[in-house]
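Below are two complexes that have chain A in common, paired first with chain B and then with chain C.
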Partner chain A sequence: MKTMQPRPLSTLSLIVLHEARILVRDRTLLLVCCVLALMVGYGLFVGLAQATLRDRMVAQVLKHQQETQTANSGMLQSVLAGQTALIPFSNPANPAAMAGTLSGRYATMPNAPLAALAIGQSDMMPNYYRITYLSKVQFMYDTEIENPWNLLSGHFDLAFVIVFVLPLLVTTLGYNLLSAEREHGTLRMLCSQPLSIATLMTGKVIVRMLALLAIAIPVPLVVLLLIRPEARGAEQLVLMLSWSALVAAYTLSWFAVAALVNTVGLSSSTNALIMVALWTILVLILPVTMNLAVGLVSPAPSRTELANRTRVATAESLREYEDLYSADYRYASDPEALLVKNERIEVPSRMRAFFLAKQKVDERIEPLLKHFDQQLLQQQKLVDRLSLLSPAMLVNEALTSIAGTDSRRFLAFKDQTEAFHKEWRQYFSPRILESRAMTMRDLSSLPRWHWIEMPGSEIRWSIWWRAILMLALASVLGGLALARSSRRSIE
Partner chain B sequence: MFAIIAAKDLRVLTRDGRLLWAGGLVVILMLVALAAGWNRQVQLNSERSAGQALDYDAWLHQGYRHPHDAAEQGMHVFKPEPSLAVFDPGIGPFVGSTVWLQAHRQSEVKFRPAQDATGLQRFGELSPAWLLQVLLPLLIIVIGFNSVSDERERGTLRQLLSLGAPARSLLYGKAAALASCVGILIAPVGLAFAVLIVARLPAGERVDVVYRIAWLAAGYGLYLGFFVFLTLAVSALARSSRTSLVLLLGFWVAATLIAPRTASEATNLLHPTPSRLDFDNQLAHDVADAGRKAWSTHFGARTPWDPSVPLSKWGAALKVDDEAGYGALDENFGRLWDTFERQQRAQEWVGLVAPVVALRGFSMGLAGTDFSQHRDFSTAAEAQRRKIQNIVSEDLIEHADRLGNAHFTYKAGPELWATVPQFKYELPSVSFALAHHWASLALLAVMFCLSVALAQFALSRPLMR
Partner chain C sequence: MLDAIEVTKQFGAKSALDNISLSVLPGEIYCLLGANGAGKTTLVNLFLNFLQPTSGSLQIGKLDVVRHPLETKRLLAYIPEQVTLYGVLSGLENLAFFSSLAIGEHLPRQRLLELLEAAGLPRQAADDRVATYSKGMRQKVGIAIALAKNAKALLLDEPTSGLDPSAANEFSELLVRTSNDGVTVLTTTHDLFHAKQTGTRIGIMKQGRLVEELRSEEVSHADLEALYLKHMKS
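== the complex of A and B ==
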């Protein structure tokens, strides 16, 4: 020790070294790092399991789609060749059957490459819809199956570890930055050295923060890069960078809070109490209160009202197409009537009625459904603004949008699905109305689903402004702490 | 001696800023939560009962129509909100409340409020139950962590012991002081709320709700009592106030925040929930299987709706087809719901280290917002659907099957619609909830006794170390 001469920068490095040695020797740092490593590992495992499950579902759905398509074209071939006995509801030459029961079309949304970083809404919102001519009310409100108790508890994913647990570990390491020195009687001794309190505190924070970040940031990213090849693109690397910046800024701002609290000159216990109180308010109370506020300011329309309107619309369309619904039905006794003649086929009037009635129902309740989506977007905008009140909300929003499991992406999926559903109906509408039989060519030209990813620039912007805001917050708090520590006596 | 200690401690606590600030915040949040929940419930209940009545009225007056088309329009039924949902919404935000009873489809309860909310919903729902489960233990810790250790550090413990104060009086006096602080905060609000709720109810439902409130009070009493004695025990055992605080906060974080999530992840591994796709595929497969068997035994047909079955048998065929599916539906949904219940039962064991898990289940159960009561409603709704379906099929066999190819020209009238009874669902009674959740209550009682024993042990050791 005595070989070192006190130069400005080397004082800091001396403190860093000294702190590191103490923290390693008294095992606190080791314990905290082990806890963090375990939690990060477990959170990542949970996220990866969920992402894999979702990947598998999309793959299965696509496989099912492929199989149905093959089966349909085989069946159609034999129907056109007159080799198969016809079953009214499963005749692929019949456009109404093709649009409904036989349709093997799905709208799917793939996982974003970094999905394992946060589960977000993905345990609740569906990542595929089966597309038929059914009304939106009948298929758009299916949700993923999950035990409601577990939805209520929430998942132990990486976002939880970062948003909830990381600040607590920061508190554990930082609540007594200066107060412990004072209580041990060593602060007086330190102050007698050519050393400012600001430098002392900076050194202490650097060691602790580097130790936490050395686990929280590289572990998940390296694991992702190793086992998920789709995470290796340039765009993903930029996202990972923003993720790292966000986590670092969030950690730094909690350390800055700890430093600021320490400069007040209270006892360690009081400091711990203040830190926990701040954590409770910012991470627990504000988000649930804001959730309540968002619901009050911009409430979702009534679902009961939707049920009522659906009933009225269904009744009206049943009445409108009553003649079609109650027409004679001779196809069971006379299957010949279902044969394709000159590329024409008799679409059973009941089936035509189903198609038209569902379309009518959707047209009638469309405005109300739109209102639901608009209101959700409105709520999301409100959340964006309110999240400025709590770093936990801010970071949580950003983490889920990096993982692509935020409400916005699911809403975009729902939007695109609705458009595709419309396209699907429009494709079949003239065929059903004009009794045009499906041909082999038609079968290969059915509308295809393409998921259009949300624009990268939009996501990047929404993440970076949050990261920058967090950094700004951290530097303001840190600056305050440093200024206070240099101006005031803290003995 | 007991009373003197309690009175002195209570005075110290009320003069301390911690209780004033933290307690004030809790009371304000409690009032906000109650007001919001109340407002929501009044609105929902009036909307739903109006919706239900309108829906049945529309069913009765739907005019002349083919019965199968009537079943297509179907009926909507709404889950009534139990009155204590204001106190604990339970799984409410994550399960739906509306069922559209239609032909051919197992009615699923739809429209989860969480679907109409942003990701913020996942931070939790501000409810009185949440406050009592999560924030009040923290409050107890914050005001009580130094109740013994501080006396030791200041040297007043030595004086107290020199006066001959027995350890038992010291323990119960301090416990009484802590408990009364909590009591002062929640009792007035709780009492006012209970009176308001009970007064609003029709006389027939009052007794049930009063029982529920009493059981809830017992459950929360045990839970908060556990934290009171644990805090005192740790405060007496720890070397310093600082250690006591760090230990207690660590326990609180682990037990109320981390344990519930870990428990639900762990039980998910133990009893995996199927994905929707797997579930749907299995269900479709089983229904189709059952259908094929039924069609071949009843009509000798290879496939359902085989052309060999004439239209004059479609009413009968519909009945056969539907009834064949019932078994598969019951089995598949039963299996899924059993999985959910098994997951929850497995989690209750976590209550041995984290009492909040046991309390949460108990609280939801008694408030009427847990899964078993949701399941009860879903089953009742499905029974109603089957009732409609059976009435429709019988009527088709009797009238439409005679018409041959003109099957679908048949139209039934108001007499038939009136034979379908209105859907009347009564929430299960308190004994239903207790039968499902007595184990959680027992667990809470055990935890409470353990904490008392620990505190007694801690204070019976030589206190001056």
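== the complex of A and C ==
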């Protein structure tokens, strides 16, 4: 009789190979993997379609902007040369017309390179604004404002597959990790060999997890690398690595839950019920409850109040300049008044009044908007804190951060747009108030929009701490499961 | 080789084993007799560390089974009353897996076939799925697994209950040959004839206690039966 030395690694590899063979033979794994592949494929398709649509939208508005710029340039040349009949509100030499209806710039936010990985809030929040001298209330606050968690639901994208569907597939493969062996009687045969339950369970989890992750991780990343060239940069590869780590940690934590449930020693059907109940609580009920809690603790800003206050501010502002509204009819009988003379132009008083009134509206409404934004920010902070309580919420936040479809990026876009709107007004304000005609030089030096991407380090940090937290959770649950398994009787 | 020292096992208020001590020496075949619920299987489960004793200790080759679960299982082979295997695998594949697990290396196909043959499984059934096997055929794969392990001690829980008389007889002969090689055997059985025929020592259990212990050459079949019935009725 030769003496055997402990060989945990080789025992583990034996279990892994054996489990793989059993799962392939009884076709469970094949079925689950096919379901996952279909869902990953469809989720990715939806994400890609949404990203492409948004790319096209941005391209179209930029094309429109370019065409308008070219048309305005031609028109201004013609007006300055005295070749075109003058129309009061479409005169490109008139700075008020150029600041408003005639020109305007688009503030656009391009898709992040990995946008297809999660739709997030991208189908709810605009990725372009048309900047004119109008009040920002008119173009930035005209969409419905919702609690961030409301915005998170409703998409069947890849993030949905990862956050909602993947745990169900883990449940399908993991609810009977040990209970099936016990019920079939093979656990006694296995445990009469030099094999610990911890090794057995680890081997079973490895096979199942590798099978799911072999589809869930490489398929989307390879497709993205092939279809979207912007996903091939070094920064994006780091983000893809983060995404992979996050998905792996989330999957592992659900397998750890399954292992822990299996160590209780209940029947397979009871284990399945417990797992489904846990999924319902952690993935469905908890986010909804937290949504309610966020609403109670930090109520959503009142849209009605904003609308009412805006109306009042607009009415007051218009009233303030009402004496300027009556003098425009003379341009019909005296079009020569609109001619550029010594680089000066008569800005129609109605247009001047409108410009000033809109500026006044923003000044008056600013405190309310600040309060409004503050409330949204507080909600987001609360959501960030509460997300620690639900792995699903935690992962969803990180997945949308990676895809660049999270609320932070949209808030950054909003902030930058506000700054650009201010710059646009400041550019035109002296020209309108001092009646300075637009020149060709002015036209080419109009304020230009530049989107400044959020710092990569900030994004990476927000992703990595969540990934580390998920990994820690998986380790704690897995450790508990292994500790319990070593103390459990086989009977 | 196999030692139970003042072992008590309680399930709640019920005592399954009550301060039992027994020792099986190398090369011995120790047959445990007793009615259902006497505690025979509980004792086997304790040696396998499937259960932990309430008090007392169990040793295999002087190693405590609770403190050294993996080391003691390397010394043991176990054949339960109902050998349960993986139905989607063939008998050969089951043997290959369990023997690899037991000895930490893969045995060649030829060796696996020899083991199955030695256990009495027809060669043409080796590649059939175990789901199609009868209870007796599964039992024979279980025996082959135990043989592959080449263990120092064998724990058998009513191993012949599923076998036809001829196969049971072959199994008894196999057991004797194994013990002659120095392997220690502890087997539970209801079969007095089998116990007398193969056992070197016989123990009778009742309500968790070892009430009688004797050498099989000291008693005839008839005396053993009478003694057994006397204990069961008392």
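Brief remarks on what is shown
We adopt the following convention: the second predicted complex is superposed on the first by the 470 of 491 C-alpha atoms of A that agree within 3 Å, B and C clash if a C-alpha of one lies under 4 Å from a C-alpha of the other, contacts with A are read in each partner's own complex, and residues count from 1 in each chain.
Rule of thumb we're sticking to: contacts are C-beta pairs under 8 Å (C-beta built on N, C-alpha and C of every residue); 3 or more make two chains touch, one makes a residue touch a chain.
Every value quoted in this text rests on a predicted model; they were computed, and no experiment measured them.
Applying the stated contact rule after C-alpha superposition, one finds that A:A472 touches neither chain B nor chain C. In the superposed model, A:L273 lies in contact with chain B only, and not with chain C.
By the touch criterion defined above, A:H184 lies against chain C but remains apart from chain B after alignment on the C-alpha atoms of chain A. When chain B and chain C are set side by side, the one touching more residues of chain A is B. When both complexes are overlaid on chain A, the residue A:T11 reaches chain C alone and has no touch with chain B. Within the superposed three-chain model, A:D26 lies in touch with chain C and out of touch with chain B [touch as defined at top]. In the superposition on chain A, contact of A:R350 is made with chain B only, not with chain C.
Touching of chain A by both chain B and chain C, each in its own complex, is seen for no residue at all. If you check the complex, the residues on chain C that touch chain A are 45, 48, 50-52, 69-71, 73-74, 76-78, 80, 82-86, 88-89, 93, 97-98, 100-104, 142, 145, 150-152, 155.
Contacts from chain B toward chain A in the complex involve residues 18, 22, 25, 29, 32-33, 36, 44, 47-48, 50-51, 54-55, 58, 62-63, 65-66, 69, 72-74, 76, 78, 90-91, 93-95, 97-98, 100, 108, 110-126, 130, 134-135, 138, 142, 145-146, 241-242, 245-246, 249, 253, 257-258, 260-265, 268, 273-277, 279, 303, 305-307, 309-311, 314, 336, 339-340, 343-344, 347, 371, 374, 404-411.
Residues of chain A that touch chain C in their complex: 1, 4-7, 10-11, 14-15, 18, 21-22, 25-26, 184-186, 188-196, 489-491.
Of all residues in chain A, those touching chain B in their complex are 42, 46, 53, 56-57, 60-61, 85-89, 120-121, 124-126, 128, 137, 141-156, 160, 164-165, 168, 172, 267-269, 272-273, 276-277, 280, 284-285, 287-292, 294-296, 300, 302-308, 310-312, 314-315, 318-319, 322, 325-333, 335, 350, 372, 375-376, 379-380, 383, 392-393, 396-397, 400, 406-407.
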